[in-house]
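Both complexes shown next keep subunit A, but they swap its partner, so subunit B is in the first and subunit C is in the second.
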Partner chain A sequence: MTTPGEEAPVTSDFVRSYVITGGRDLPSSEELALHTLVTLAPGRTLPLGAGPEVKAIWELCAGGYLSVAEVAGHLGLPVGVARLLLTDLSEQGHLLRRAEPPRAQNVDRATLEKVLNGLQSLIG
Partner chain B sequence: MDSNPSSAETAQKSIYVSSEVTNAAKILVVGHFAVGKTTLIGSLSEITPLRTEEKMTQASVHVDDLRGVTDKTTTTVALDFGRLTLSDDLVLYLFGTPGQQRFMQLWEDMARGALGALLLVDPARLEETFPVIDLVERYGLEYAIAVNCFDPAATYSEAEVREALDLLPDTPVVYCDARDQQSSAMALIALVRHLLERAA
Partner chain C sequence: MTSLIEDPLLWILLVVLVAAVFAVQRARRTNLALRRTKNDLETNLGHAHGRIDQLQGHISALGDQHRGDLANVRADAESSTKAVLKSAMGTLQSLSEEQQLLLDGLLKKYGNDTEVLADLMAVDHTGSQFGRRAKGISVLCGGWLGRREGVATVYDVARSAQGRIKDFNRVSIHAQVSVAVSSKAVEPVAVVLAELLDNATTYSAPGTPVEVNIQAVPTGVCFIVDDAGLGMDQETKDRAAALLSADGPVDITGLGDPPRFGFAVCGMLAARYGFAVSVGSVSPYGGVRAVIRVPESLLAAEVVAPAEPAEPAAESQESAPQRLAPVPVGPSHVVGTTSGGLPKRRRRQGPISVVPAFEPAIDEQASESAGEVTASRLGAFARGTHLGRTTNTTEGPDHQ
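Let's look at the complex of A and B:
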């Protein structure tokens, strides 16, 4: 395990990622940001031939909403790999998502005010 | 949905975002190594802070590259994050991001859709903050400075910090103890107030 912010040499994990993704380029964060909330859509059937990582995502996401980053964190997958597998599931109609797709300039007053109020309620 | 959840499933429920939540916001916690990012996220997060990795060579994972796996430029960086439910329908994610210039891919990913950045500063190592300020500004992120005082005996005035870091007059500077939840929340409040002013 690497310490946050530190570099680690490439390990067998690197090769593992390659196998999971089939060597495909990883998608950009435009569609699924780190904080986009996702869950499994109701009444879906696990795709035939789903690999162990897709199965694990399927089971995890069946329980409720989590952010893309949390899915990666809980399953010990690199963010890019988790995003690729989630993008596949989303394109196949298996995923629901919350939180609007991120905009380049995110200056939404209503959200900022909610964040401010929420933080203020933390301090006594 | 399983009509008869096992106890394991029941226990697992606590990891999920509450079902009423419809919106997620993101704030970055940035700063050089060992400045207190992980500590601050940990003191605010309602979930055990999670850690994940981002590949630094995302777009170039091809067979040929596998032969060069010892290449020192092919690295991963760990990032950690926490979550805070702030109202019935809103959660806030805090992402700790290292400041190194070479982690551009990661920064792009982090900055996308972020409200702004809390920039942690150790006043005893001000020079290590310059590259972080460069990155934050390059990505157009609004930010506030939180001076994390490791040595309570050493005092640095706000004016000294401002001058050393060459800050704009309206950039907030607050003092915090990243180990303390209230103090960390107050630093974020200073940032969000600043964001509201800029959004006006």
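Let's look at the complex of A and C:
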């Protein structure tokens, strides 16, 4: 059923997403943006009665920082659903989150020209 | 002597004697005639009785024939009604499956938009309830349920059933076991459990909990549904028991108006797939306890741990050489060990720090052409979205 390079889904496809959220209101996308990075806080133990999705998040996030979008992708769940589960874990203090690193700044033209010149002198 | 002849007394005596002889003879004739008449009448009576018996036999034969014809006509009407309903419901069933597939795609596509996602979930919820009804009627009419492609854990089967009823958020599921149900039994068990959950939530006060406990028993696995309602009266219990143990086709016109399909669907599926359903006992909360016992033969051979996403073999082989390389700086890729004792690794190569602006509709070709994104970031992102796009295509055909 699973072709190589593709992970088996955590949730059977016939479990509807509103069951996973338990019909609760979804957190807004501002709370945990797509590119927010999350990882497991050190020294935490899996809460009792965690569902398969939470366990899968636990495993995924144990390996280091992962973005919210990636977590949703790995779980095969809509981002909003993954976000709710991540928010729960975060509120219980199990997750650390980090905002996206700042984008690279535009470098001024003079620097770029210097680099270009340097490269040309190296190659040419 | 003459005196004797002339004696009037003698003549009188003679006349009386003659008269007496005539009278006796006449009486004898009358008697004989009466006897004959009586015999005739008795014979006639016998004939009449025979005729009556014959007619009664005829009447009962006609009655039987009438009843037989009526039953035939009814059976014909029932079977043609069922045939029509079955094909109509088959169409609805496949439309509902199609809608679910479509919604799966939409849920992922608009996953980041909280409001759209919530609305889509509401649509999905009503669609699932509608699909359950269509499936139930189809089953009663002799239709088949779709066979799932893969096995599913008992927890997922229960959650799937939970999603098919109106008050799904009153249901809590406690799975003490993590066995999987074989692919052919996944859908029937989910349909039956959904019917039992629907009964449990409908016939108990709003806001009271309904619990599903899944426990292993020596002969298989039990799904135990407990509600906190008022329980069932004896008549309902008898009706339920009759419907649950019915092994023949169910008369759909006899299910009342509005029809109560639930128990009939349960009985039908239980008999067809070989599991047992009972609703006779009392729950710890005073309501009804309904139990589905799924025998070992309908459970998947291998035990699937629900929490662990199974890593395909190719993946671990691919990442195996990494063990010889020095431990990379930063987050470790080893996230556990497989059942065979090998370290389990994620396929992430290199740090994943930035995910490009999320565009759900982006495909692999498009992302490959974006040259400014580094290959590692792109790979991680593509894998994530690829998984998201492909996992919704494994639904089987709705009926065979």
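To be clear about the criterion, the second predicted complex is superposed on the first by the 84 of 124 C-alpha atoms of A that agree within 3 Å, B and C clash if a C-alpha of one lies under 4 Å from a C-alpha of the other, contacts with A are read in each partner's own complex, and residues count from 1 in each chain.
The rule is simple: contacts are C-beta pairs under 8 Å (C-beta built on N, C-alpha and C of every residue); 3 or more make two chains touch, one makes a residue touch a chain.
Remember, it's a predicted structure, so these values are computed and weren't measured experimentally.
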According to the stated criteria, A:64 is in contact with first (subunit B), second (subunit C), both, or neither; which is it? both
So, does A:35 touch the first partner subunit B, the second partner subunit C, both, or neither? both
Of the partners subunit B and subunit C, which touch A:23 in the superposed model: first, second, both, neither? both
Under the stated touch criterion, which partner chain does A:123 make contact with: subunit B (first), subunit C (second), both, or neither? first
Which superposed partner A:115 touches (first subunit B, second subunit C, both, neither): first
First (subunit B), second (subunit C), both or neither touched by A:74: both
Do subunit B and subunit C land on any of the same subunit A residues, and which? 1-10, 13-15, 17-18, 21, 23, 25-26, 29, 34-35, 37, 63-67, 69-70, 72-74, 76-80, 82, 100
Contacting residues of subunit B [partner subunit A, same complex]: 1, 9, 12-13, 15-17, 19, 21-27, 33, 37-38, 44, 47, 50-55, 58-59, 61-63, 66, 69-72, 74-81, 83-87, 90-93, 95-96, 98, 100, 108-110, 112-115, 140, 181-182, 185-186, 188-189, 192-193, 195-196, 198-200
Which residues of subunit A touch subunit C in the complex? 1-23, 25-29, 34-35, 37, 39, 49-52, 55-56, 59-60, 62-67, 69-70, 72-74, 76-82, 100-101
Which residues of subunit A touch subunit B in their complex? 1-10, 13-15, 17-18, 21, 23, 25-26, 29-30, 33-37, 42, 63-67, 69-70, 72-74, 76-80, 82, 98-100, 102-109, 111-120, 122-124
In the complex, the residues of subunit C that touch subunit A are 100, 104, 107-108, 110-114, 117-118, 121-122, 124-125, 128, 148-150, 152-153, 155-156, 159-160, 162-163, 168-169, 174, 186, 190, 306-315, 330-336, 346, 348, 351-355, 357-358, 380-381, 383-388, 390-392, 394-395
